[in-house]
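Notes for the one structure printed next.
Order of writing sets the chain letters: A, B, C and D. Residues in each chain are counted from 1.
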Amino acid sequence: MGFFVETLIGGLMAGMLYSLVALGFVLIFKASGVFNFAQGAMVLFAALAMARFSEWANIALGGDNLFLANVIAFFAAGVVMFIAAWAIERLVLRNLVNQEGATLLMATLGIAYVLEGIGQTIFGSEVYPINVGMPKDPVIMFESLFEGGIMINKEDFIAALIAAILVAVLTIFFQKTPVGRALRAVADDHQAAQSIGIPLNRTWVIVWFVAGLVALVAGIIWGSKLGVQFSLATVAMRALPVVILGGLTSVPGAIVGGLIIGVGEKLSEVYLGPYVGGGIEIWFAYMLALVFLLFRPQGLFGEKIIDRV
Amino acid sequence: MIYRENGQFKTTYAADQQIFTIAQDKVFVLGVIAFAFIGIPLLADEYMFRAILIPFLILSLAALGVNLLVGYCGQITLGAGAFMAIGAYAAYNFMIRIDGMPLIFGLLLGGLASAGMGILFGIPSLRVRGLYLAVATLAAQFFCDWAFLRLGWFTNYSSSGSVSISNLSVFGWGIDSPLEKYLFCLCFIVVFAFVAKNLTRASIGRQWMAIRDMDVAAEVIGIRPMWAKLSAFAVSSFFVGVAGALWGFVHLGSWEPAAFSVDRSFQLLFMVIIGGMGSILGSFFGAAFIVVLPIFLNQVLPALGHLFGIEISTAGISHAELIIFGSLIVFFLIVEPHGLARLWSIAKEKLRLWPFPH
Amino acid sequence: MSRKIGDVILDLQNISLRFGGVNALTDISFDVREHEVRAIIGPNGAGKSSMLNVINGVYHPQDGKIMYRGKERKKMEPHMAASTGIARTFQNIALFKGMSVLDNIMTGRNLKIKSNLLLQALWLGPAQKEEIEHRKKVEEIIDFLEIQHIRKTPVGRLPYGLQKRVDLGRALAMEPQILLLDEPMAGMNVEEKQDMCRFILDVNDQFGTTIVLIEHDMGVVMDISDRVVVLDYGKKIGDGVPDEVRASPEVIKAYLGAGH
Amino acid sequence: MKFRSLALAAAIASVGLSAAVVSPAAYAQAKEQYFPVIVYRTGAYAANGAPWANGYVDYLKLVNAKGGINGVKVSFEECETGYATDRGVECYERLKGKGATVFQPLSTGITFALTEKAPIDKIPVITAGYGRSESQNGAVFTWNFPLLGTYWVGADVAIQHIAKQAGGLDKLKGKKIALVYHDSPYGKEPIPALQERAKMHGFDLQLLPVAHPGVEQKATWLQIRRDRPDNVLLWGWGVMNSTALKEAQATGYPREKMLGIWWAGAEPDVKDVGAGAKGYSALTLQHGAEPNSKVVKDMLAMVHAKGQGTGPKDEVGSVLYMRGLISAMLGVEGVRKAQERYGKKVMTGEQVRWGLENLNLDQKMLDDMGFAGVMRPVQTSCTDHLGSSWVRVHTWDGAKWNFTSDWYQADQKVLRPMAMLASGKYAEEKKITPRTPEQCKQ
């Protein structure tokens, strides 16, 4: 029983981390109808920037104020993400207005390659640590309730907490601020939004920038966990079933989807895996999403698509 | 002045429904095929065969398959690599488990197995479409990656999970030298390209394109979406599966699931985009482009750097490769969404009018 | 006039259709006789297109019965409706824009093509023969619609009026028994309208095809149709020969507003 | 319109042009002994591939700095694979035409592909510390040289080490040992050897695969926490290793009970985990980190001091750097041995194979070359392509690797029959007639 709870908690926390990446997908899809395959590359790019800036700032500061170095690096990486967002809008999106979804998707695959290439050229392709002072050792709780207690990974717990806060902030941002309202208007109907004077291009820059910041936060958390290296880009592959399950346009969907996928894949790996040789969690997550899709083609919280003739 | 259709009148519908309605086109393509069979074997060296021509032919076949699905039927797929793997492993099992299985049958059976799985994984396309479908096809990709790694039966319980095949022969004719391998692949690709062309100009091809262009209208005029989509998945997977079997048997000789990873799926999709969606010729252009580009960059960039006195490291080259490759994809999508094939046809139309442009 | 109006071929009884909480059609009944030209008119949002969509199986009504040739029709998908001889054109042209005019019309012959995938793949005798046979039929339609000069042009490049014609051609290629036309003349100029009217009447006349038509242009409707159904807010408010309908106070009210 | 046609035409033209450039430029390098260097400095495994490549290239530079191999200068060329098999095959095809001496792909997948190709092209393939384990049987695998150690050697020694800590092989009975492995041919290679040992000693072997690239291991370590195996063997590569150590820390599994293969025991694997990896041990392929060895000092003095070093200076002497360096040394020594028989000139692949088959590096030679304390003797034969199976264990103390065990040697009584069986099966499949001792003498 204790172990089941542990697996469940582990799954929930892994799910929160997936959500963080999935959130980037949802933001961009909502505002520009682009299914952004480059989100993983953005996570890598942002994390690389963060890790290297932090390292350089630390050296420049004489190596005794890691906190300040991290803060400087965070803002510097934010600026880099802004430049990236601006360049993507300017060079790619602007030229692909009103194209089909599939075309845009493939364009983002191109963007992903470019980001991976540029990121590694500028920042290097080794493993870089991000040290934001995350605790690494586990705590054991409820030892009276379960034999062996329930082990909680503090790092994951904090990461999940940060993800939750980020979601709350984004929700407020979308619902309450003028920029957020403009973004929603653009998401609903490009032309209508334009006709009431919302500048399309600027909105896109903003939303890609916000997605870049989400990628930065995701990059810091994942990077602090795993070290910053090329494979970070592959976390996007883990987040895809989350987006599909949650629905492409729904922020809460990204969260709930993340939790379902996280729990589903951990439980399946731990309880079903041993019978078939293990290693099933990736495709299990996809299959889970697929089964959901067959019953709800628009995802859990997505908007229903009605065909018109 | 040579490329003209003046004076070529068609008096029957049969003549008008030929693959090449302009005589020069026919001559040109036959010339290219003849050159591929006779000229290239005389000119190319071993490296050209093994590192460029054979991969090019096999990937063209795979790209052709993907193009039938993506370009003609409009069903986007990110799981083509999985169907290559199914073709390769199925053919492997047919070959080792059935004594005296002729090679060509083995390869085709591999393709058929892939077609069967294609139908299975195509079922979601009846409910979901576009981006959601793209992700659904990734399920096929990851499932196959896992299955061929973990289920020992597929690899004949090889301890490392890697399988290999050798001593290929057709009708007692051994396929060992690069030239023989090249000709073997060439025969396949010529036949399959012919089949693909026929399918796309026949009723089934029109059904696919109708589903691609406007699925509701297609259904209203009596096209069964299930039949059209699943047949596209089946035919496409068949092509891709045969290509996968060739890739394993002829090109690599020994392989593991990583040879057909999700990167391969993306690569095939890029070939279709860059070559031209909905174009048979485009599949060849795309495959050529993607096979040759990295090799080209690897050769040219250091030389270029040398010219300016800069030493470009190996890592630098492959980063540059990523950047250039990504930029080209975006560039093509923006500038010429119909790919290299469209460029070809523009050139042809110009030529038809030349030297009187108006 | 050589044509003769026959028996009831399609009988819609108490059809109701809802989307979520919205009633698109409420308790509508009318019939269509063989060989006649039947028009459905009504203001915007009256449910005319929904009605056509019910007839050819795109929408499934929650209540009501559809009798086709005297038998109750089960819930069916559009392609099944097509195979029973119901064809249609679309209000917003729904042509296959990546294909040529010829190929678009050839798709209409799809149901009649029998050769299997393998034969088609290898372009073997039967498949080729069949292809040529259907090509002949399609060429007849192309001649009939006077679009010979554009047969190899991709439809995306054609002007609106011609696209409408191709749309009609594609439906005709199915050799339908009932042809549903959704605003075939919308957005056309007077000459184009005249041409289209001529085609519709010729189809009805020469092939004996039953036609169900939605149209806004009252003049056209009254000229070419045998009987007219009037819908408003998803309800039937009139049914009869053109003159009757024209005189109906309810119809006048719906069209001209309460002030009159 | 004009512009876009032009731009596109230019793009096409440049690709068309490439066909001319691409074919191997020159066969005219016969004056120098040519070493193709297959590397991966990018992609998911770049962090581990780069130091290996630097060590490899640096050693070749050092050989030249010392006057070449008996006066024959060495030339080399890198080719990037990104750890992808098909790219590796392309590299092989491209570089073999230039008179390649020996290939060392540093990837199990590429090794499998080259195993099929090398016999046709008559180029030896050295896979020092990786590759197919059964290829130690040189009678069947005539062109493969898994010098110094295979994964079966690793697996065998790992069990010996665990047994020694437990107080003897008989103490293994009833123990539970988990193998956390990279889900690829690389990770699967040791399984037969471990199963063999499990049968012999009655311990329980738990197999836990981790999917490429290995960044998601939560479920794996949850299972470990539940089942509490007595020992965990780590068979990872690249980011999988550091992730495993971090997850071990996060689930509270003692690092002291973890033992890695020699590819999971280098600086990139633990550096980023730092103190969290303290107590973690890994096998070594004879050498560990050797910053104080003579060869490293030579390298710094004769190559890096002249600004010709390939990688950063502080990396010289690190574990993977040494692995690359030693791999290059084995290839060079193969050439040197071949020269004894065929004359002091550029050797062909076939001649180098003879050299590698008759390699006899005794301790004195190794010491002279600067490998004192780094390596033990290597002696190959026509049927034994392994050469030696000396292994030590080193442990991470939070800042550096320290040797913590004596020398072990794999038990060939266990491995040799397995290798014979597996290679026999391979020979049968491929219709290869194994070489007889007489054929070897030629």
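Following the convention adopted for this analysis, a contact is a pair of C-beta atoms (placed from the backbone, for glycine too) under 8 Å apart; a residue touches a chain by one contact, two chains touch by 3 or more.
In this text, all values refer to a predicted model and were calculated from it rather than measured experimentally.
Chemist: Work out which chains are contact partners of both subunit A and subunit C.
Modeler: B
Chemist: If you tally the C-beta contacts, which comes out ahead, A-D or B-D?
Modeler: B-D
Chemist: Please name the chain that ends up farthest from subunit D once chain centres are defined by their CA atoms averaged.
Modeler: C
Chemist: Determine the centre-to-centre distance between subunit C and subunit D, using the mean Cα coordinates as centres, and give it in whole Å.
Modeler: 72
Chemist: So what's the Cα centroid distance for subunit B and subunit D, whole Å?
Modeler: About 35 Å separates the centre of subunit B from that of subunit D.
Chemist: As a quick test, compute the distance in whole Å between the mean CA positions of subunit A and subunit B.
Modeler: 33
Chemist: For subunit C, give me the residues that contact two or more of the other chains.
Modeler: Answer for subunit C, listing residues that touch two or more other chains: 58, 90, 94.
Chemist: Pull out every residue in subunit D that's touching 2 or more other chains.
Modeler: Where subunit D meets two or more other chains at a single residue, that happens at 41-43, 46, 50, 183, 209, 211.
Chemist: Send over the residues of subunit A in touch with two or more other chains.
Modeler: Within subunit A, the residues that touch at least two other chains are 120, 125, 277-279, 282, 307, 309.
Chemist: Can you list the residues on subunit C that touch subunit B in the complex?
Modeler: 56, 58, 77-79, 81-83, 87-88, 90, 94-99, 103, 106-111, 113, 115, 117, 120-123, 127-128, 131-132, 135-136, 139, 170-171, 174
Chemist: Considering the complex alone, what residue numbers of subunit B touch subunit C?
Modeler: Counting only subunit B, the residues touching subunit C are 12-14, 16-17, 195, 198-199, 202-204, 206-207, 209-210, 212-214, 216-225, 231, 235, 278.
Chemist: Mind pulling up the subunit B residues that touch subunit A in the complex?
Modeler: Residue positions touching the partner: 76, 124, 127-132, 134-136, 138-139, 142-143, 145-146, 149-151, 216-217, 220, 262, 266, 269-270, 273, 315-316, 319-330, 333-334, 337.
Chemist: With touch defined as at the start, can you tell me which subunit B residues reach subunit D in the complex?
Modeler: Within the complex, subunit B contacts subunit D at residues 45-48, 50-52, 55, 145-146, 149-150, 159-162, 164, 166-167, 176, 251-256, 258-259, 263, 288-289, 292-296, 298-300, 313-315, 317-319, 322, 328, 331, 335-336, 340, 343, 346.
Chemist: What part of subunit A is in contact with subunit D in the complex they form?
Modeler: For this pair, the touching residues of subunit A are 3, 6-7, 10-11, 14, 120, 125-129, 136-138, 140, 151, 153, 155-156, 225-227, 229-232, 234-235, 238, 265-266, 269-270, 273-274, 277-279, 281-282.
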